[in-house]
Each structure stands twice: as structure tokens, then as C-alpha cells.
Amino acid sequence: MPDSAVPRPEIQFATLAQQGDTAELGIWAFLINETIFFGALIFTYFLYRNFYPHEFAVAAKDTVLWCGSVNFLVLVTSSLTMVLGINAAAQGERREMIRWLVLTCALGFAFLFVKGYEYYLDFLHKSVPIVAYEAKPGEGSAGILFWVFYWVATGLHAIHLITGIGLVLYMLLWRIRRGEMTPAYYTPLEVIGIYWSFVDVVWLFLFPAIYLVGRS
Amino acid sequence: MSVTTVERAAAGEPAEAEPSYLTAENTISSWLLTRDHKRIALLFFASITFFFFVGGMAATLMRLNLATPEGLLQPAVYNRMFTMHGIIMVWFFLIPSIPTTFGNFFIPLMIGARDLAFPRVNLLSWYVFNLSGLVVLFSLVMGGADTGWTFYTPLSTSFANGYVFAAAMAVFINGFSSIMTSLNFVVTIHRLRAPGMTWMRLPLFVWGIYSVSVVMLTATPVLAMDTFLLAVERVIGLGMFDPTHGGDAILWQHMFWFYSHPAVYIMILPSMGVISEVIPCYARRPIFGYAGMVIALMAIAFLSFFVWAHHMFVAGISIYSGVFFSLMTFFVAVPSAIKVFNWTVSLHKGSISFDAPMLYALGFVLLFTVGGVTGLMLATLPIDVDVHGTYFVIAHFHYIMVGATVSAYFAALHYWWPKITGRFYPEGWARFAAILTYVGFNLTFFPQFILGYLGMTRRSYTYPADWQSWNLLSSAGASILAVAYALPLLYLGWSLIWGRKAGPNPWRATGLEWALPSPPPEHNFARTPTVTLEPYSYDPEEGSFVTQEGTSHAR
Amino acid sequence: MYHWIPFWPDTAAVNAIAVNNIYIAELAVSGLITLTVVVMLLWFSIRYRRGSTASRANRVQETWHFEIAWTTATLGAFLILFVYGAQMYIWLFTPPPADEEVYVVGKRWMWKVEHPGGQREIDALHVPIDKTIRVVLASEDVIHSFFVPAFRIKHDVVPGTLETIWFKPNKTGTFRLACTQFCGLQHATMAGEVVVMSGPDYARWLGEQGVHESLAEQGSELFRAHGCSGCHSENSTVHAPLLDGLYGTFVHLQDGSVRFADDAYIRDCIVNPRSFTVAGYPPVMPNYSGQLGEDDLLKLIAYIKSIGSKRESGR
Amino acid sequence: MRFEVDPRRARPLPFVFAWAGLVVLGGAGLWTAFLGMGKWAPIVQFSIAAIQTGVVYILFMRLKGAPSLKLIFAVSGFFWLLFLYGIIMTDYSNRQGWPPSSVASPPVLETPAATHE
């Protein structure tokens, strides 16, 4: 790797190590904010599920369990491939790094594909409030609150995932191609990896909230 | 761990040789694409000043309308005016005011850093702020929203017919700007302090900005989610706050005030920081009880999260909850009281000169005290039950948010004006404006306390005729206040060209920012300073002072 | 007793006297704090102005004693105020046994009042003096807030729930009634008057309203018209709980919880029956939300209340 | 070119194990949904989610061996959520007539003396 590819620290930092450390702290500060953002949404869910347990259970029976479970697997696996990609970057295995990152991206797209298909099934089941909705017997007027939550939560999660895919693609198509990710400085990848895993964590909570309520 | 040591290779030149940040480059793109925190601060300053006068215009119309019971405006117009006044003043002036301008400009200078940790994010924050500003202006131009700045559901979701969606989206987008700015400050203050700049040597302004950033970072996402759900409900017609589907209309208020009560402290904490800079400088003595001030700042920031439902004592929350929030509100008043006492005692055995920033600061202390004690009344449950939603509340929070915060804003503007521009402001005019602000403000808002206890409800375009004298008094005060707020724009503008040139340290102050030439060079410190002293090492007896990196200056 | 104070609002209820007292106490404390700050500020500013010859030697170095002192002082004062306020709040917001009850429905932009005898008024509320009046509040659309400055009482009216407040007027006259929660275009004019009358005057006023049916009787008609009586009666084929004597008792629900049958409970049961299935009964009741307006609901509640009290008095 | 590999980035095996653990835990959560656990089901399922979150945070997001400041940042989001959840619940848990399915604190009991004058 040519020496010129090793970036110099920005003007406000003394060393690359300090710059990298600060960037990681930055993403963690951002995640405080993201945690509370999704946490507030999930709070409304807890609240209404607590008020209307029967309505929620009935309404949630129409969620597509296999889609949610497959997506759980896909997302957890993508977190792993992301980490392996960063490991490869840390070890200077450029080819391997690219392979893992491409796989991560592909898994991200797979998630979106399954999610899209699930949305289509929801449409067929008439679970789209306003557009196509039919209250199931027993779900009362509160059951639709579950579906509002479902669309808001999965929609916001998908937006976050799309952002993540965009960032990985930016790394692959721009920063890595220009040879900027070296074992000496791969913090951008590290930061994106942390963000990616956080999107995964959101799904860990949405999965029981959406798919497991009202089974059995 | 948290300390930078940089010896830039080419640091042999004397600092004066480097061009100032204002003159380093002069193309339009050098401003619009700048990563220099000082330039971004000026960009924010321009945006915020613009919104201050837009919001002020709305306030002028309101006070004109209320001068007579018959009013001047159509009810629909009046309703939109107070809504837009609230939204613009809260999110587009008060919340970003001090952090994005003086915070941006002086945090790196005060801690001895070359820039904020994420300069690009900082610039992006300005663009996002302006984007949200465009959205709110769109909403305003199209006719405005008519819900009040609090967007209470279900009025905002199902019944209001203004541009509520656009206004809510403006608030949502604005949140990103707050988050980016506060994230930047938190990380910068943690990671980029100069050697020797320990936590207990930070100037109180830095502490103020740090505490406010923590609050912004943790409170804003709740508002973001809340406005997002509101926007969804507004568009599709049903949602989480919809009582016809079993939703709870009060949940909106809980989540809204979870942000918006801390937001009040977002507005006041940086001002407290400013006042803690100004008072020692003009009293020529160390601040009284530095550690106590720091603890009080952080305690206010922390406790501010536990008091939000005091906006909801009559909203139908459980009475036990009401009692809890009342107790917490009394608790949060304690550190505020400590700060007032400490500022006051900081004058003791000083050598006080009454320059314009000091006049603003003393005005701040007095107005904040009045706002504070009336806040105490509002924390007392039965009184709140009575005066909630009346002009008493309006007067109370204007004392804090306008009286105190805007005074501090002007104090900061005058105090740091020589540093920012390299020119003195005209002292006589500035003192006149400071006194005029104080008089006009009290004349405007003190009558509103009386009106409130008499039972005049807020957000009303009309009122019974026997209250007209008080309202007229208030409107008259408002016109004085308008002059007092417009005046600095004129003489500060004048001083940009004809003002006397200022040296590096015209006030003989101790902070690191005064060690730099005025205006500062592009990359601040050619050589990272090493801090050896706590701030505010003034000596009133000798008239001498020692700056934080250890240079002592005799009288 | 407060008339000599300038700029003081009317004080026309027992509640208002209590609030006046605490308000005066707070004014005194606030005045004291403000005065302390102002005096200190002025004194220091004058004595230690630049150029004055006052000695600056022996500046206080150990500041923490002072800080501890005024922290404890303010904390103590605040806690006293808190306790004083909190117990009064609980008293204000816990309705005592009532002599009279009225139903008030907020609707953009008017207050609709229904007396138990069936008398109705708009933007006016007639009440007798020296009686404890209980007001049950409901909203048809957005959040309103019921505010009578002369009584120092206020409560938001939230759609989807019923709120109860009380007051006991002690002065006859006409007082302002206002809405303090912004509710749209004509919020400012959503006001009315509360007329406090002597007992005989009030009885005469009630009689003059030309009403034939009490609220409960109107509710009884609705009870039949909406088919409630088809299930909730002794000779029904559907297994549904009887409502006689329900009001004011504890109800055991299917999910094991216990609810107190008050106005709000009955309202919840009508609009959202599935969440309140009574233990031992099948969940078959249809959902009436959207079919009944708030005033119809209040009539039904008045009816169910009346058969509750009939049963009791019969026993 | 010489460089030191961050020891936490040297071996893939811990991450693979963590991944397997996550999948197993996810499967367990799925399984509990069909057991008919009633009101315990959400508690168990969200506890599983919390454990999974811990695994992801510590290993995938490299909190293990990170400076304590990062740890504080990572936890503080959840810490603040506790305030949000806990304090709002002080209201909902004993609001009159809310939530609909729990014991409301009984108000001072009275039936109106007479519904007719």
C-alpha cells in the first residue's frame, strides 16, 4: 500500500488514534439519541399493549411470522459478516474485507426484499391502516393501534437499514477503492459497524414486539 | 486520555502573522462550505437573528391586537400568529441561540482546541437548521398552523386546519440540527481539551454548554418520535394519540413535555454560563463558589428530566403523579436559587464597572429571580391549578426565556463582540439599550402576572373590557422592548465598519479565548496552550489578573 | 375578606379561600427572596463599584459553608411550601360527597350543561350557594379546560375520559367561566358564566326550565333505543351482567383485576366493552364507540347510576 | 508495512460463537411464544431481547475492553429510557380510570343522595 494513502489526522486532532477514538465516541453519543428515539416508540407500544392486551393479541395474529424470523436470522448474520469484514480490515486482508462487506450489503438487501414481500402479504391480509384495512373479529377499535405501530416501527427501521447499506456501499465504492482503509486507520468502518449492529439491536426488540405477541 | 497535545510543525511564526478567520478566504464558497467553527457560528448568527425578528414580528402583531378588546386581527390570524411566534421563538431562536453561536465560536477557543471534533457535522447542522427554517417559513407563508406551539392532540391531529404537518415536520427536522450540534459539543469537550484543562478548570460557560448538550442529546429524540407520530396521525387520520381508537391524548403531552420541559433548561443553562463569565470579569474577582456553580448546573440538567408533568397538573394525570412532579419541581428550584445567590455574592468585595455586558448580566439576575420565584408559585399545586393556562404562566416563562435568556444573549454578544469582530461596540448606546431592555421588559410582562391572576386566559384574541388598561400597558412596554431589541442591530452594524479597533484582551479577562488576537486566526492556536490555572483569577485589590495559561497581568 | 387587596379577583368559593391563603403565603416568600437578592445586588453594586474606597481585603475563600447554608434554607422553605400545596391539591382534586351534581360537556366552542333533573343550559351554569357541587366533565372533540377564576378551580376535559371536580360556592353572583386550553378558532369566546343563587332561587330556577324528563329518564329511553335492555335485563336469553345496583360497587373482571364502578368505568365499558369483560360472562357486547355522543353517554351513565341508587334505597 | 492488529480484532471465533448464541436465543424466544405463558410471555421474550442486546453491544459493537466513557455513553441511552418509562408510569399506574384493566384507586365513595330534586 502506498504511504500517501495513509490519511493525515484532521487539523483539530493530534494523531490518527485520537481521531479514531473521537469518532467512535461520536457514534456512541449518536446512539444514545437513537436508543431513546426507538425506545420512545416502543414505549407507546408497551403502554397500549398493556391497556388493550386482547385487542393487540388478536390484531397481531396476522403478522407474518416466517418473514420476521427469516429477517431476524438475516440481520444477525449480517452483523457477524460486518464484524468479520472489520476484522479483515484490521488485519490488512483487503480482499477478504471486501468479500465480507459485499456479503453484508447483500444480506441487507435480502432483509429489505423479505420485508417488501411481507408488506405485500400484509396488503393482501388487509393489514394496512387506511389503505386496506379490515378489523378482525375481536380486535375492537384499539387493534388498529398495533398496526400503526407496526408500520411506523418497521418503516423507521427500514430507513435506518437503508442508510446503513448506503454507508457500506460508500465505503466499498469510494473509500476502499481509493485504498483509504488500512490497518493503521479503519475507523470509518468501525463506526459504520457499530451503527449496523445497533440497527440489528432494534430488530431484536421489534421481533418479539411484533411477531411473538398473539401467537399461542 | 482526554487531552490533546499538538505542536504544529510550522509553529515558529508569531500568531499575529496568521490572517484572521474573517479574512483568510473571501469567496462565497469559502463561507458556505467552511468547516471553521467560527465561520459556522456566524452563519448560525445570521439565521438566528433573522428568525428572532420573524418571531418578534408575530409578537408585535399579537400585542397590537391585544391593545384593545375588539382586536385588530381576524381570530384565525391571531391564532396563527401566536402559534408561529411560539414555534419560531422556541425552536428557531431560543434553543439554538447561545449554543450554536457563542457555543460554536468559543467552546474550542475556551478549551484550547483547533476546532470542534466533527466540523463537517457542524456545517451540516447549519444546513439542516436552515432546511427546517424553510419548512417553518413555508408553513407560515401558507397561512401557519393554529394549534399553539404545543400541538396538543387531538386538536392538532384531527381538528386544526392550518399547516400543522409542515410545522411539525419543521420541528422534527430542527431536532436533527440540535442533536448534531450537541453531539459535537459533548464529544469535543470530552476529547479535545488542551493539556491541563481539567474538568474543574473549565470556564463555567463550557460547563453550561456541556450540560445543555447532554440535555439536548437525551431529550430531543423523544420529541422527534413524538412529532413523527403526530405527523403520521395527521396524515393518515388515526394513530397513537387518537381517543376514538382508544389512544390517550395525554400521552402526547407526556412525550412532548419530556422534551419541552428540559428544553426550558436548554434555553437557560447556556445563559447561566454566559452570566458566570461576565460577572467575574466586570466585578474583577473570582466567581463565588465555582464548584457549587458546576454542581448546580449539572443538578439542574439532571433534575430537569423529572419535572415535566408540572405542565400537566390539571390535564387529568393521576394526583399522586402531580404530587411527585411538584416535589421534583421544588427540588430543581434549589440549584437555581444557589446560582442566583452565588452570582449576587460574586459582587461582594469586587471592583465593579457597569459596562453594557454587566448591565445585561445584572438585569438577567433580577429577571431570573422574578421568573424563578413565580416558578416556585407555579410549582405549588393549588396555585398552578388556578393560574395554569393564564397570563400568569405567560409572564413567568417570558421572564425566564425572554427576560433572562435574551438578556444573557445580548450580554454575550456585547462581551464577545470585540473578539468576534475585532471592533468595540459604542458603549453609550449599548448601556442605553441594556437599560431600555430592562424597563421595556418589565413594563411588558409584569402586568401579565396581574392579568393572569385575575383570570385572563392565554391564546385568546379577545378579553373582557375591564382588563384593557393592563393590556394597554403591556402593549406599550412591548413597543419599548421592540426598540431596545432592534437598537443593537443598528449600532453593532455601525461598529463593524466605524467601531474602534479592539486589542486581543480589551476586558482584561482570563479565559483562553482572550489569549488570541481579535479576531482569532483561522486555526485558533498556533501552539496548543497548556493550562495551569482555574478560571477567573482576578484580583480586585491589585486590579491584576492571571490568564488560564499562567500569564499574569498587572494593573 | 380579600377585597382591600388591589387587583384581586373575586373570591366566591370555599376552594378559592384556601387557594388565596397559599397564594398570599407564596407571595410573601417570593417577595422575601426577591427583596434579598435586590438589596444584596444594589448594596454590593454601590459599595464595591470601581473607584470606591471600600476595603477588598479578606475576601471569603471558603465558600461552601455559605452554599450549604442557603441550600438547606431554601430546601427547607420549599419543602414546607410543597407539603402545604400538596395536601391542598389532594383536597381540591378529591371530590367530597356532593349535594348537587352537574354534567358539563365541552364542545367547540361552547359549554353544554345538563342538570340531573334534565334541565339544560349552554354557556351558563346555575348552582345553589353553600352546597358542594360535583361537576362531571366530558369533551366531544378536543381538550378543553373548565376554569372558573372566582372559584380558583380548573380541570382539563380530555376526550375519551370523564373528569370530576368539585367546588362549594359561598357568595351569590355571576362569575366568569372560561376555557383555558386552546381549542381552535373561537377558543377565546368559549366562555360563559356561573350563576350562584340562593337555595330557594335555585329551586325556582330549576322549576322554570319546563323540563319533563330527568336525565336518568332520558337515559332510560336511550337504554331501550340502543338495545341495551335486550341483554342487560333479567329475562334476557343473553348472559349479560345486570346493571341494577352496579354503581358504586367493585367489579371483578375476567382478567382478574378489580375496578370501582364510577362514572368513568361505566363510560369505558360502553365504548370499549372487550377490555372490561366481567368475570363469568362471555365477551359478546358490541362496541359502542362512535355511535353515542358524549351527552348520550352521560344520560346512560345517569340512568345506570339511578338504578344503582334505587336498588340501594329499596333495600 | 508493519502494523499491530488490535487483539480484539485478531480472531473470528468469539464472534462466530456470539452469532450462534444470538440465533439460539432468538429460537428460544420464538419457542416461548407458543407455550401459552400468558402475561409472562412478553417478560421472558423481552428479557431474551435484552440479553441478546448485551451480547451484540459487548462483542459486535466492541464494548469489551473499551474505555469506560464509551460504556457510560452506551448505557446512558437505556438509563434515560428508564426515566421515561418509569416516571410516565407513575401517572398511568394510578390515574383515575386509567389504564382500563387494573385496580383504580377507589375514590371517596358516595352515591348521589338523590338524582332528582
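Chains here go by letter, A, B, C and D, matching the order in which they are written, and residues are numbered from 1 within each.
Heads up, the rule we're going with is that a contact is a pair of C-beta atoms (placed from the backbone, for glycine too) under 8 Å apart; a residue touches a chain by one contact, two chains touch by 3 or more.
Please read all numbers here as calculations on a predicted model, not as lab measurements.
The chains in contact with chain A and with chain B alike are C, D.
Contact count check for B-D and A-C (C-beta pairs in contact): higher for B-D. With centres set at the average Cα position, the gap from chain B to chain D is 35 Å.
Centroids built from CA atoms put chain C at 46 Å from chain A.
Per-chain Cα centroids separate chain A from chain D by 17 Å. Across the assembly, chain D contributes residues 67, 69, 76-77, 80, 84, 88, 92, 96, 98, 100-101 that each touch 2 or more other chains. Under the contact definition stated at the top, the residues of chain A that touch 2 or more other chains are 21, 25, 29, 32-36, 40, 47, 51-53, 55, 140-142.
Within chain C, contacts with two or more other chains are made by residues 94, 161, 255, 272, 275, 289-290. Across the interface of their complex, chain C is touched by residues 75-76, 79, 146-148, 152-155, 158-160, 243-244, 246-250, 283-285, 288-289, 291-292, 313-316, 319, 322-323, 326-327, 330-331, 333-334, 337-338, 340-342, 344-345, 347-354, 362, 365-366, 369-370, 372-374, 376-377, 379-383, 385-386, 388-390, 450, 453-455, 457-464, 540-541 of chain B. The part of chain D that touches chain B in the complex is made up of residues 67, 69, 76-77, 80, 83-84, 87-88, 90-96, 98. Residues 4-6, 108, 113-119, 121, 179, 183, 186-187, 190-192, 217-218, 220-222, 224-226, 228-229, 232-233, 236-240, 244-248, 251, 255, 523 of chain B touch chain A in their complex. Taken together, the chain D residues at the contact with chain A in this complex read 1, 3, 5-6, 9-10, 12, 15-16, 18-19, 22-23, 26, 29-30, 32-37, 39, 41-42, 45-46, 48-49, 52-53, 56-57, 59-62, 67, 69-70, 73-74, 76-78, 80-81, 84-85, 88, 92, 99-101.
Those residues of chain C that touch chain A in the complex are listed here as 255, 272, 274-275, 283, 287, 289-290.
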